[in-house]
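The following pair of complexes shares a single chain, chain A, combined with chain B in the former and chain C in the latter.
Now for the complex of A and B:
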């Protein structure tokens, strides 16, 4: 993992020194804040319910989850491959794993900051006198970050496969959509065995049934970590394969 | 020379790429397998931990509930049929449904994969074909407002209704029709207890045998006609009982594995030896459920003579009647409808047979019932009234030579809230024979439940009192599966939405300040970079 820190810092700087991250952050915060208020009004001021909708139960949350990581990761490898920067990176004294993990950590940090807005929401509500269960807020945030890790992993993988960022983003969005909709598709197929099997990889359900209620379930943590690691492994191998082309 | 080497190098490069491609695919496959294995392994109860970060440990099940889950002998499926409620309970019911869902997730995750949840979509107000079939399999045809849960294990199933079984609601008076406006409220929520008890109920691995007496004009156990008992039989079977009949002519002694004997609607007397066999069975510590038919009882060797020494007198003739209220609110008598009444909470005791009904505010429908009188039984016995008729009831005696009376109260007919159902407990009697023991109840004790209205058990009327009958048989069989789990009131985390200034400040901070801050930071960064 030599060079991980350097890659991470470089990617984070590239993200936050460019306009894309700030634009995405501003749009996401605006959308999230507005919807959080709608949920709050709709639930008669129920903070827990509004938080739950913001981090796991609303369509917008899943839309952000599916779309944002690919937009962040699309440039990370494919753009560098297109501009030739990747060749320099691969000849530098850093391992492929460090390159992938550094980039992944940077993308995940951005998502962590994005979802971290709930701490601000909860803080504002606490300031306004609403009692807050910080345990639920922390667990929800952790769940959202773990879920984003999976989608950052897919994004990084597709980015490692192509030299066109848009293609990478599009492919990652499609994969993310399939992951999110897998239980639904399995249910629609009408095959009970398939529906039962899909429960193991039911990402929305894993998030909704534990984290958003303030529960850290090791089974779900392992699930997100294992499958994120799988996509990172694929990315590393794809990067490695470039050396042999 | 160089030209000759080029195809060989190309071929070698292609082979290398192919080799690496195969290696890559194999490695990816193995890693996917590893991830899947890890995922499956982490779901095993022995290596799975759940950390409840909520302040009030709201996601942690009570030890009693965890024990039930740990001892589940087979897989359980919970079908969720939630639908919207009517005004003004819509929002409260959604909140209750949310709490139930949360509880279901906790149960599922704590069960180590033995509890499976199936969500049915009722958002359009109707069920798809698959869901309707499932509902029918669960023994019901429609979902009442609020919804229900169908809990099944193998052939056994239980229904848990959101309203009544899980939560109680008070509609209040939001429009202020009766004075000061009163918002609707959730009176109680006992989701954990209701779900755990239902799980226990369907997952029990005992199958007590219930035998019904036949040959005395009883309602037919197999008949699907209005006066048949097929629905009763199906409900008992769904509850885990093995149902059969006892024909004295073929087997003079009751089978030893009979856990409950039932006699529903006999109109002819028992044969003398049969009467003695019945009496002996109960007095040895047997379990008996009796329901006399509305007809006058035979003068000898009937249920009346059987129950009398146990401390319960069944009125030989006459039906308990109550005045019916017409559309103008005036009480009416003189018609057969007076034989019907609905016993509400005031008429239900705290006995385990009716306590769940009383607690959930449900009523028991009574039709053409015999009056019961509680007296003194054997030494050490307990005779408890379980349900009583409504105030103003009278015992309508039949006319001379007729089976029924005039449905009008007369001077010679007594008026009081008659006992309509009673439970009797007594120790085995010396001289009746060796005390009966059953596996679950080590202490031999006779359990007798007498319900005055057999007509309520027939197919045409069964659904109204289904739970009462099932409770009665479970009590008689000493299937004490009720687990008491304390209801918890989760902390409410709410912002006072009535306070406009708070709402305005929150609006500003969330929708304007935060995005604006990120925009300014972005602009600042861009400006710094340009400089």
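Now for the complex of A and C:
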């Protein structure tokens, strides 16, 4: 993993030096903040319920989860291969794995910062005297980040396959949608194979049944980490295959 | 330092490199020369470990580029043709990033970055964004990046492409500086470039090595040597002149190029510049000299021979460009041994059939109004009738 740190730093800097990250962050924070207020009112002041909505239950959470990671990762490999930066990186003394992992970690850190806004909400409420269960807040945040890791993985993979960022983003969004909507698709189609598959890789319910209640189930942690690692592995292979072509 | 043996690389059915073998010793500066699509970039990408070879063995600094890729990459400074740099970073940040990729100690990097920026002459632009720099400056920053970790081997892919002539000269002088400390492999399709920088040249054509050697070797081996051209009024001497010229030590043969007006033309085929000897002979014999020049085939002509596929020796008549280079290699002045003149067999002169020479007469009254004005005067034309009134 030589060079991981350097790549990570540079990718994170690149994200925040461009306008995209700030735009995304602005949209997400406005939306999240406003919706949190609505959830809080709707739940009659139940902070736990509002937080649960914010980080797992609501439609907006999943929309951000499906859309944002591909937008962050779309340029990471596809543009580098087009501008020739990949030739520079892959002839520098860093391994392919370090390149992929550094970029992945940068995208994931951004998502972590984005979901980290709940700490601010909870903090403000605690300051106002509301009882906050910090364990639940942290576990929900962890769940959201793990879920984003999976989607960053798919985004990075599609980015490694094509030279056009937009195509990479679009493909990743489609894959993410399929992952999120798999239980729904299984229910609608009534195919048994699909139903079994959806039970194993039911991402939304993994998040909803554990993390948002403050339960850190190692099985689910491993589930998210393993699938992220799988997509990172595919990206590394795609990067290698690029050279053989 | 670099060892390539039986390297082959195919893209689908296209053979980009076909059984290429060469060695580059430590401290050597080698130019990789070839037309576009000859396989130069592919070879360099394989050397840097960016592309895998289809077959063959490549090692740099004793490490196999496939199996010990990271070891090789640590020892190489590579400047790809596209000069990849992060546009949103400042020049010094870009170098800082590269130093971190190479895991240079921070103190060393802090000392080395201004050093290399100074070397390539962009020190005062170190706070500029890379994206705002001109093409030439970016090229230099790319060079600085490649030089930063002080690599043992420098691989530069077309380092002067897209530069204006002035920048080209500057990059060339930087390269000459580097040549003293590093093993350098430079590719280019611009010949004067390579000619100026690299003592040794590898000519690649259609994925194969067409020639490999020093410039002088290539010139001698492939272009039939260089020659001194002499054009003088010989008068009655013409017959023996060829024999006399052939007697100069170092002249391997004399070509008789026929007459241009009253001037007889000869080409003395020789390895070194023998103008002084030929001139001394001319003055001794009292020949009225009109031209005495040293002509060596340029690398460009040799190269064109491969690119176009001509097999016969090149016409070396044009471009007396390379003369200064040869002056360095010229040995001590050789004394002309006139006594040998008679001993030289006549066959050595080997007079070629004189080509048709065309003469443009500057005399407006030459051959009068009967002359066909649409074509130049030829020596085979019927003698001019007595012209009109002589200009006074």
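Structure notes:
Here is the rule we go by: the second predicted complex is superposed on the first by the 239 of 245 C-alpha atoms of A that agree within 3 Å, B and C clash if a C-alpha of one lies under 4 Å from a C-alpha of the other, contacts with A are read in each partner's own complex, and residues count from 1 in each chain.
The rule we apply is simple: contacts are C-beta pairs under 8 Å (C-beta built on N, C-alpha and C of every residue); 3 or more make two chains touch, one makes a residue touch a chain.
Note that the structure is predicted; figures quoted are calculated from it, not measured.
Contacts of A:82 after superposition on the shared chain: neither chain B nor chain C is touched. Once the two complexes are overlaid on the shared chain, A:136 sits against chain B while remaining clear of chain C. In the superposition on chain A, A:5 makes contact with chain C only, not with chain B.
By the touch criterion defined above, A:17 reaches both chain B and chain C. Contacts of A:214 after superposition on the shared chain: chain B is touched, whereas chain C is not. Judged by the touch definition given at the top, the superposed model places A:91 against chain C, while chain B stays out of reach.
Between chain B and chain C, B contacts the larger number of chain A residues. In the three-chain superposition model, chain A touches both chain B and chain C at residues 17, 244-245.
Partner chain A is touched in their complex by these residues of chain B: 16-17, 20, 24, 27-28, 31-32, 34-36, 38-40, 42-43, 47-55, 58-59, 91, 95, 98, 102, 105-106, 108-109, 116, 130, 491-497, 502, 505-507, 509-511, 514-515, 518-519, 521-523, 525-526, 529.
The residues of chain C lying in touch with chain A in their complex are 11, 45, 48-52, 70, 73-74, 76, 78, 80, 82-86, 88-89, 97-98, 100-103.
Remark: chain A residues 16-17, 19, 21-23, 25-26, 29-30, 33-34, 36-37, 40-41, 44-49, 117, 120-121, 124-125, 128-133, 135-136, 138-139, 190, 196, 199-201, 208-210, 213-219, 222-223, 226-227, 229-230, 233-234, 237-238, 241, 244-245 touch chain B in the complex. Residue ranges on chain A touching chain C, taken from their complex, read 2-3, 5-7, 9-10, 14, 17-18, 83-95, 243-245.
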